[in-house]
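Encoded as structure tokens, the structure appears first; notes follow it.
When the chains are written out, they are named A, B, C and D in that same order, and each has its own residue count from 1.
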Amino acid sequence: MAIFELLQGKFGDAVAELQSEAVRPPFVVVSAASLPEIARFLRDDPAMKFDSLMCLSGVDCKDRFAVAYHLHSLAHRHYIGLKVFLPRESPSLPSVDDVWPAANFMERETFDLFGIVFEGSKDLRRILLPEDWEGHPLRKDYKYPESYHGVKL
Amino acid sequence: MGLREYINDIVEAVVTTAKGMRITARYGVDAKEEVTQQYPEVRREPEERFRGFLHNDIARCTSCTMCVKVCPVDCISLESVRGADKKMVLVSYDINIGRCMYCGLCVEVCPPKSLTHTAGYEKAMFERGEMILRFVQEDGAEIKARVAKQVAEAAAKAAEAAKAAEAAKPAEAANPAVPQPANPAPKEGLSADKTAEAAAKAADSSAVAPGGAKAEAAKPAKADPEKKA
Amino acid sequence: MEALALKLMSAVPALAGVPLWAMTLLVMVVVAVILLVFALTFGGLGSYVLRKVAGDIQVRIGPNRVGPYGLLQFLADGVKLIMKEDIIPAKADRFLFVLAPYLVFVGSFAAFVVVPFGVGLIASDLNIGVYYVMAVTSLVVIGVLMAGWASNNKWALLGGMRAVAQIVSYEIPVGMALLPAVLIAGSLSLQDIVRSQGGLLGIFGWNLFHNPFTFFSFFLYFTAAQAETNQTPFDLPEAESELVSGYNVEYSGIRYAFFFLAEFGDMFVVAALASACFLGGWHVPFFRAETLPGVWGNLLSLGAFLVKAFGIVLVMMWVRWTLPRLRVDQLMRMSWKYLVPLTFINLLGVSLWLLIFRGKGIPQLIASIF
Amino acid sequence: MTRPTEALHTQEMLINMGPQHPSTHGVLRVLLRTDGEVVVNARPDIGYLHRGLEKIGERVTYAQFMPFTDRLDYLAGMNCNCAWAWAVEKLAGIEVPERAEYIRVIVSELNRISSHLIAFGSFTADMGAFTPFLYSIREREVVNDLFEMVCGNRLTYNYARVGGVSADLPQGFLEKTKEFLDYFEPKIDEYNNLISYNKIFVHRLANVAVISAKDAVGYGLTGPNLRGSGVKFDLRKDEPYSVYPKLEFDVCVGTGERGVLGDCFDRYMVRINEMRQSVRILRQAVAQIPEGPVIAKVPRLFKPAAGEVYFRSECPRGETGFYIISDGTTNPSRLKIRTGSFVTMNIFETVTKGLMIADIVAVIGSFDIILPEIDR
């Protein structure tokens, strides 16, 4: 809560809302454009020190996509979640793999399974699926393919 | 690297190697340490809770489809038709053990406890088709035909009874011909090991045609040879 | 050979008419066949023992299905290997690919010629015996590199390269560790080396106990030889957890069997050299086998020699199932920084010892006091 | 005069290590660019075992997903089972009977031992010593027997349930566990004598693939890999869940005893020492376990309220986290599984620069990755 207020004070409109009801850990919803800035602040600020990115997940909310970041601080032992909402059409947001190197694989995974593009990522390729796979399976509207390279699925 | 370190290196290498070799030698010499079991000849007795192949005692199965619903991999397929006594008659009950992951969820939910795990685990087969365990040996079409016949007979009988009733009490002709389920016939027809739940269910069912009892009697008899096999 | 042929001709009158060269050739072929049978049997039984030892050490049983105690397992394996499809990769260098296993096998088999099995039981007592062994076992390297190169497989190539680097490096410590025995005997002939360790001092006549330097020399030789034969702490050329199977990864069927046999042949040659140079060869402790009449002396000495050699092979297997593998740079460091200097120091020490004590070893010196 | 190095033309070699390779622990493919034996670049290629567990999770109910967690990390099925149960319980706010929690801790720690045994065994086998592998298998077999006794399966347990465990411990289980602990504890010393401090083994591991504490945290390493870099962080201690607060144990960290802090040897030793700590935990848990029910009342048609939860627990291969988004139906609307091995693979390319081919094997072994967990 305190983190949310602090962030809101610092970044203003970029920090939209706090999701804390029935959501553990609570999420701070931020705008895509300000994400790297906020991420860097969260990592470097001595009061925050969110030095580890536990989990980065894409979410298909039916009408839009979301990317959820779960952060944890080894120094202060506290949590926060960051959430970025993206439009369904050509979703993209800045990468944070220069803030937390751990983000690279997770971003690739999210790109692979949701088709969310992380701009400025070091190496954004498909990771779990073959390079020439069509579609992004974790989207709710994903259609299962009939065959892959002539192999019936 | 100083000379002392150099010599230390050699000594350490020799000492640690000797230590390791002492341990391997002890195991090598001591024949009692062998833990191998000669599998086809020596068989380990599976534990009581062992989750092996599934077995369905179809005499007790109530075709409730709980197992089908709970199976995460959809390896159980069940087909049943409504019998003359309004109870479900199994037409086929197949488990694809090639797909089954032995999670045991189906056994846990089974209300009459007819589905159990056996101790079987040897799954080497020549063809994939053999991996489907069929618990109803009789041909599905035959059962369907038989049940349909019974249902028809029962319906005819019910109609007859209704007619008789109509003839007897013309005043109540307007009443829809639903016979009162006071007749305890289906209860008698049940095999003794039926659970109370199933019995209660059967008693609740409104059909009272004697055909139902006949079907009940026929079913366990058919299942017996399979059980022996 | 010629002498044996002459002896035979004079002993059996029916053979008197046969020309000497034909007789000699016949004897040679017979001896070669005997050695070949021995090498194959050793390869087979060696693999059985290796697996049985592995089983014992690893709390398993090991082969126990074919024949009593699984003794015929090697026959079953041999049949299997022969029956297997012989695959040559499409892009392999066919000629080299086919040639390589034979070359490897010849390299290890040729060394059997000078192995002193017993009193007079030696195919050819070359006066450059030790030198000859060193030379022909080096031939293996060419075969291994050939196999690695011709397979057109990167893992195989890496394995071949490793093998060359390793065997070439370890030739030096192996040779240097054997030289003390040569110095003591004053001859390169293996029979002479064995004879020099006789006498009634029993096991103390062995070069192993000649002086402290020869004692260390034996262990240095053992270590280096383990590397020469690609045994476990040094099995980098075939390192199955890194290079899959190294140089022989593309080989199958009978060609693979040749690599396999060559490996066991190498193992035996190394053990035989160790026992001949350090453990008194065919000498039976406290007994003069050569004095026995007829073939008994030959047989007894043969038995003594084989017991010693097999003992060493067993120890090699034991080491093999205990130690992890070195890395390739550590392997090189071990050779050049540890084994080579140490063997040189040893050689120097032995030379000085021989100079100071006029060729007498510690046991002889002690014996001379009384 | 040209120097020979100028005249010689060397080429980099591209080698495909895996997906079928004896020591990639499954179907990991590593694209190696090597200069002779020296690795210039090693790029992991994963996904050969991708089964879409997250998508399956959206299709099945919370209870039905339990057997799939066995397949998440098949060497530590119990830990994943319990992690899933804890996550769902946290989502739905279910109180679990204390006995069930103790049972979960007991089976989790037993599983941690067996998983670390495989890590130890396969690691030594990768290093060329095959014998310790069979010793570790022998001990693991006892654990498997115990698990067969308690839940009926030896590998895919499906033992935990939302709200407790599927069945109470069978008769004689605790006694047999104690027996196993007495038998097992001295074996750790034997392993150390046999191989851990062997000169060759130490040389292979010390100073190889050093990960600094800062990198380890930044790259999101967890579990023994993180602790191998000297970071004292263990979810069982630092974010206690279940009955871990009642149990006493130490968090093992790397010390750099044979090389630099954070090298392969430290990661290896952390696992060996953790087995000891697990034995310690088990002794206490077996002594303390109370009587009582083993499963809470959970409706058969289990529908947690809408909400989101991220729960992580300490599995043998790092933290296994479940991010569940529930929309109030029987199925999760989104299920994200964060596994230790997947995140660990991220640092692989960075730490393997300039190592030898044999070191690649050592690094894979010291990370103790398992492919189903990476690919999910």
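Heads up, the rule we're going with is that a residue touches a chain if its C-beta (ideal position, glycine included) is under 8 Å from a C-beta of that chain, and two chains touch if they have at least 3 such contacts.
Keep in mind the model is a prediction, meaning the values are calculated, not measured.
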Which chains lie in contact with each of subunit A and subunit D? none
Determine, using the mean of C-alpha atoms as each chain's centre, which chain is farthest from subunit D. C
Could you put a whole-Å number on the gap between the CA centroids of subunit B and subunit D? 35
Could you state the distance in Å from the CA-based centre of subunit C to that of subunit D? 45
So, what's the distance in Å between the C-alpha centres of subunit C and subunit B? 63
Can you pull out the residues of subunit A that are in contact with at least two other chains? none
Residues of subunit D that touch two or more other chains sit at 131, 138, 194-195, 198, 200
Expected list for subunit C, residues touching two or more other chains, is 57-60, 321-323
Every chain pair meeting the contact rule: A-D, B-C, B-D, C-D
Tell me, which parts of subunit C touch subunit B in their complex? 53, 55-61, 64, 318-319, 321-323, 338
For the subunit D and subunit C complex, residues of the former touching the latter: 13, 15, 21-23, 36-37, 124-131, 134-135, 138, 194-195, 198, 200-201, 203-204, 356-359, 361
Taking the touch rule as given, give the residues of subunit D at its contact with subunit B in the complex, in rising order. 60, 63-68, 70, 131, 138, 141, 145, 148-153, 156, 158, 166-167, 170, 190, 193-195, 197-200, 300
Would you tell me which residues of subunit B are touching subunit D in their complex? 9, 12-13, 16-17, 19-20, 23-24, 35, 46-51, 70, 72, 101-105, 108-109, 117
Within the complex, which stretch of subunit D touches subunit A? 46-47, 50, 52, 54-55, 90, 215, 217-220, 231, 233, 238-239, 305-310, 312, 319, 321, 323, 325, 334, 336, 338, 342-343, 345-347, 350, 375-376
